[in-house]
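What follows is a pair of complexes built around chain A, which joins chain B in one and chain C in the other.
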Partner chain A sequence: MEEGVYRAVSGGRIALQRRQYSASCREFSVRCPRLQLRSLSAATCSVWLAAYGLFVLSQNSMVLSAAIFITLIGLIVYLHFVKIDHESLLVIGSLGIQMTSSYASGKENTTFIEMSQVKDVVINEAIYMQKVIYYLCILLQDPGEPHGVSEVVPLFQSSKPRLDCLVEVYRSCQEILEQRKT
Partner chain B sequence: MNEAVYTASHWQSWKYCPGLMSFQVLRSSRIAVMVLKVFFPSCCATAESGLLIGRWIPEQNSAVVLAVVHFPFIPGQVKQYLSEVQRVTQVNMCVLGSWSNSKQEKEEVLVKFLEDLSTIFSHEPWIQLNKERDSRVWSCCIFQKYPSSPKEDEFILVYYDQRKVMLSQLHPTDNLTTSADHKGNDASKLGAVFDTVAKSKVLFMTDRYDDGPIKLTHWQSEGVEASIIMELMKQASVPVCMLLTFLLSLVSSVYKSRVLKLWPLSFIWSKLSTCEQLGHRLEHLQIISSNRKAQNQTQLMRKANIFVSLLIDMALGILLMSWLYRENRIGQLADTLIPVADHIAKELQDLLQWLMGVPAGLKMNRALDQVLGRFFLYHIHLWISYIHLMSPFIEMILWYVGLSACLGLTVALSILSDIIALLTFHIYCFYVYGARLYCLKIYGLSSLWRLFRGKKWNVLRQRVDSCSYDLDQLFIGTLLFTILLFLLPTTALYYLVFTLLRLLVVVVQGLIHLLVDLIDSLPLYSVILRLCRSYRLAAGVKFRVLEQKAGKPLRLLMQINPLSYGSVVQTYRLPTYACYPKDSWSSLCKKLFVGELIYPWKHKGEKQD
Partner chain C sequence: MACRRIGCHGHTLSPASSINCVKALATGIRTHSICMVSDFFYPNMGGVESHIYQLSHCLIERGHKVIIVTHAYGNRKGIRYLANGLKVYYLPLKVMYNQSTATTLFHSLPLLRYIFVRERVTIVHSHSSFSSMAHDALFHAKTMGLQTVFTDHSLFGFADVSSVLTNKLLTVSLCDTNHIICVSYTSKENTVLRAALNPEIVSVIPNAVDPTDFTPDPSRRDDSTITVVVVSRLVYRKGIDLLSGIIPELCQKYPDLHFLVGGEGPKRIVLEEVRERYQLHDRVRLLGALEHQDVRNVLVQGHIFLNTSLTEAFCMAIVEAASCGLQVVSTRVGGIPEVLPENLIVLCEPSVKSLCDGLEKAVAQIRSGTLPTPETIHNKVKTFYTWRNVAERTAKVYDRVADEVVLPMDKRLDRLISHCGSVTGCIFALFAVLSFLFLVFLRWMTPDSIIDVAVDATGPSGAWTQQYFPSKKGSEKEEIPDC
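Moving on, here comes the complex of A and B:
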């Protein structure tokens, strides 16, 4: 198991873990930037200060309890549906590619693509906000025509690693995909 | 940078742009590795030593183990049994290899014996699985009589839960049925595995108390539970279905009879949402009670969904009925209904009085205003007398209508929608009068505007042609145009007010229809199945890598990835009869502006999609 520290597109630190189970089975796991205590406390404080301001104006204590509930529910929703803790990519040479994204609450979202559907794994570039970024994606084979691409499945969507990290993953993936072709 | 700009719009759609970027990697030349996959049921991990039987899928180089045959056995019997199973299940079953679960020593004897077995059951390749004592990691080896090429074999052991895989339904299902003809090469690999396990259901049917000539280990039910009630229900369902079919055929023959197809009746039927809902439910009952077997999984699920939806609907309806008929609630309802209708009429009268004065400070054409106002007031007067004529019978009508709730909540809701439509008939009338007047004015103004510009509408060619008018024609046209233009605000105001009232009623009716549609189309059975037995509806599989040891085969655990709730609802949604208006918001606004009528029966609601 190797571990390397890279940077995400946004500049946050991300960790890439590589596990080699066997010659044709590898797992890459990218740990997304952690939830900052600063931003969490800023969000909570702003909600509570706003609620307190309303309370002073309206003299209704319902506002305060509503603010507490909003914060709690918002935090739960954020951890369960929005915040992704780590994303992993499991490449099994003869079976397929499995993408897992684990949310901060422990919920896992898994997609498995069979090897017969995978055409290739490539690095593509795109414009995101005001900058050009690179992303790794899986090209799916179009069942109708042999050279067609039916769909592009982007990988590491939430962590968005920089090019140096993507190249590492790309090389390892290509090594395994190469075995498939021969 | 040019290229980057070119891809700018593609970030959201994740389009693949070939040739933009290519990372060349030095391809390492390796020896071709033959990877052999063994799908092993996790329930057989504790089985005693014996033979592995299952299916060999040569094109994928994988073996699906279905069961373990224990020692001692007679090879002839095993072969006979396998051919029998093969005949029933249509799965190409064979002996794949041997399985040894060594608890004690006797190592060498066993190894020798297992090698000998491969000569009796000829299978290429012969798989040998060994589970050592107190060890989780197994060793595998392959024997091939004729090693075709020098290669390093790699093993992948995939554990699967036999029961879940057998019961699960891989989605999308239509994919499998349409590509059935070229299934051999095109169907997904895992689809083949799922298919094999599901087909060999017969093999698993024997429970642990059955004693056959050979002993097998595979997933077993805990014995079929024999409940008298279940048996009785099964026995009773056939005559019940037959009776239901008979009754339904009677009802549908009445429904289709020619008397009801006469002009005024058929017109009324098509406008009442109750009739449409009843017809829809009749269709559902016919589907359920038909004695034809569901051909595939989709149809089976459809039937089950309709059944559950009907049951829920009936239960809610009966609940509503029990609430209505207790403590004389019908009487109370009838008592409140008449004052409410009166109150609405009174409010409308006040509104008309306000319109006849100086509404919102607007100065209207007094004469026209008075004429229109009196006309509508007289209409309301008629309406009130009609309601008062009805008032003694309302309670009785409600009592009988309430009985229809036992047919289901949806029917009751449809009746409610119809009652609302009937009780607000005056609003509808006002709207039609207002709209007609307004429409006439708009058309008149537009054609006179053409006259001003020296043009006219050519009906034959469907276009605007130029035309030379006489002086008196122009004079009359101008006069009419002025009159129409100055009278327009008055009619427009009446039209606006009554259109708003009409829209309010239509929105209420639309909400009721939305609720009816929700009950009609929600696939509750599938949702409950997804909630309680999430493996039954599989979107795919997921793998988990188990503990590794160097030099030992890779072990994976195959789990079933359940379908998300959104796609469950999307896949199994029941079709509804309601045809939603195709026109968008903009065309609706245009219609309102021009003064074309918005028909309530086409517009089931103001929701557009």
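Moving on, here comes the complex of A and C:
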């Protein structure tokens, strides 16, 4: 198992773990930037300050207890549905590619793509928010056309590693895909 | 997504041209990293679009790195590669009017800055004064301290409100631009006057046509009749009202005269009315909008090409027509008299009477057989305007600009205030300061160091090699060097 520290597009630190189970089976796992205490406390403070302002105006203590509930529920929803802790990509040359994203709460989302559907793994560029970023994606074979691409599946969508990290993963994926062809 | 090529496949450069490029590199030409910015690019069709496309290709061939930035056209957004690794950014900016984006001077800064940084752009080359994105890019480039070049493709008036406003905007936009390129001497005169520029920083580089696209084919035309071809957008500026006066008059006089009109626009209704009123359905054919590759097929069907433009900086259409071996009859406006030598063109005043006289003269010449053959005309015209020549001259402008200094902020503010009038100058100086502060903020949010440097497709370290191109156009493997 190798581990390397890279940076995400946003500047945060991410860690790339590579596990090699056999020549044609590798797993890549990218740990997203951690939840910063700074941003967490900023969000909480702003909600509570707004609630306190309302309380001063309305003199109703319900506002304060509502604010506490809103923060708690918001945090649970954020950790359970939004915040992704790590994303992993398992490439098995003879079977297919499995993508897993694990949420901070432990919930996992897994997608599997059969090898016969995979046409190629490439690095592409996209305009994302006010940025132009590189991303890794899987091209799916169009069953109708031998040269067509039916769908593009982007990888590492929430961690968004920079190009140097993507090139590492890309090279390893290509090695396995090459073996498949021969 | 997969890289799809659009537009003119015919323009892909021949293998011979890449040999030239290697030679050029060996002799040690300076290479630049150029970013062309304009609102107008393919899939939109027109003179500016093809100018940018052809110029970029010839610059790539000379070893420069070229990227194009334009706004998104419908579903076409993101990043695309055209032939020879020409990279096009279709930015998702809102279109306001006539394919031109809204200009706020600020909203496009984050994206443009990101692109300029990641592509390591050294020269920003904007096109067309109608394009607000081009002006925005000039403004941002100057804030970022990049060299700027601007190409003006059109002529303007001085009298009406809209031109007064655009002229003011142009003055502001061009007063601190390093170099300006115009397409004809008339256009240079016009731009210098409109934008109150020093004529020494204005160069004239005419447009060009691809002569291999416009070859004559006399077998396609019907020699029992005489066909007059008109290919232009059917709008007021192109003098379609004059055309509607000419058609009935000449059709009455010459029973064997036919008109072939290609193009679309709001003035089409005028031509349809004329056709209706004089019962000329069999002799005046309106073809509607033409694809660029169909233009040649229409041109070769005619004997005479008629251009009725009321204003024109440099008329590409008449060069294309002459290259197809047609006798050209045109109005004497703007830069048109500079374009072709006198023996290839009949110039008239922009009035119905004068244009009719001109056409009659051309008809008489064809009847008497005194005209040179289409082949001779083509061979003559093809030496006049070539893209290689245009690119060579543009590269000289880049070399010159690269040695100049970009005005530092304080000098730029001085220039704006002293040059553009006290009120406008102060307003735009304020904008310049604000945009600088915005840039500082953006640099703090995303420092240049965390912006990935893009893999060059073209230029000295271009990853796009010829062998990849025909076989693997489905994927973007070319993106990764040494794989």
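Note that the second predicted complex is superposed on the first by the 182 of 182 C-alpha atoms of A that agree within 3 Å, B and C clash if a C-alpha of one lies under 4 Å from a C-alpha of the other, contacts with A are read in each partner's own complex, and residues count from 1 in each chain.
Going forward, a residue touches a chain if its C-beta (ideal position, glycine included) is under 8 Å from a C-beta of that chain, and two chains touch if they have at least 3 such contacts.
Just so we're clear, the structure is a prediction, and the values are computed from it rather than from any experiment.
Chemist: Could you say whether A:81 touches chain B, chain C, both of them, or neither, answering first, second, both or neither?
Modeler: Once the two structures are laid over each other on A, A:81 reaches no partner at all.
Chemist: Which holds for A:154: it touches chain B only (first), chain C only (second), both, or neither?
Modeler: First partner only.
Chemist: Should A:143 be classified as contacting the first partner (chain B), the second (chain C), both, or neither?
Modeler: Touch partner of A:143: chain B, not chain C.
Chemist: Looking at the overlay, what does A:130 touch: chain B (first), chain C (second), both, or neither?
Modeler: second
Chemist: Given the touch rule stated above, what does A:11 touch, chain B (first), chain C (second), both, or neither?
Modeler: second
Chemist: Between chain B (first) and chain C (second), which does A:52 come into contact with in this model arrangement: first, second, both, or neither?
Modeler: After superposing on A, A:52 lies clear of both chain B and chain C.
Chemist: Considering only the touch criterion stated at the top, classify A:122 as touching first (chain B), second (chain C), both, or neither.
Modeler: Both partners, chain B and chain C.
Chemist: Can A:162 be said to touch chain B (first), chain C (second), both, or neither?
Modeler: Second partner only, chain C.
Chemist: Could you tell me if A:174 is touching chain B, chain C, both of them or neither one (first, second, both, neither)?
Modeler: The answer is both, since A:174 touches chain B and chain C.
Chemist: On chain A, which stretch or stretches are contacted by chain B in one complex as well as by chain C in the other?
Modeler: The overlap between the chain B and chain C interfaces on chain A comprises residues 122-127, 132, 134, 139, 149, 152, 167, 170-171, 174.
Chemist: Across the complex, what residues on chain A touch chain B?
Modeler: Touch list, chain A to chain B: 21-25, 27, 90, 92-95, 98, 100, 110-112, 114-117, 122-128, 132, 134, 137, 139, 143, 149, 152-154, 167, 170-171, 174-175, 178-179, 182.
Chemist: Once bound in the complex, which stretches of chain B touch chain A?
Modeler: Going through chain B, the ones touching chain A are 4-5, 7-8, 10-11, 14-17, 20-23, 25, 27-28, 30, 32-33, 35, 37, 61, 154, 156, 158, 186, 188-190, 540-543, 545, 548, 554, 556, 561.
Chemist: Name, in rising order, each residue of chain A that touches chain C in their complex.
Modeler: Chain A residues touching chain C: 7, 9-11, 120, 122-127, 130-134, 139, 147, 149, 152, 162-163, 167, 170-171, 174.
Chemist: Could you pull out which chain C residues touch chain A in their complex?
Modeler: It is residues 1-2, 77-79, 89, 91-92, 110-111, 114-115, 118, 446-447, 450, 452, 454-455, 474-477, 479-480, 483 of chain C that touch chain A.
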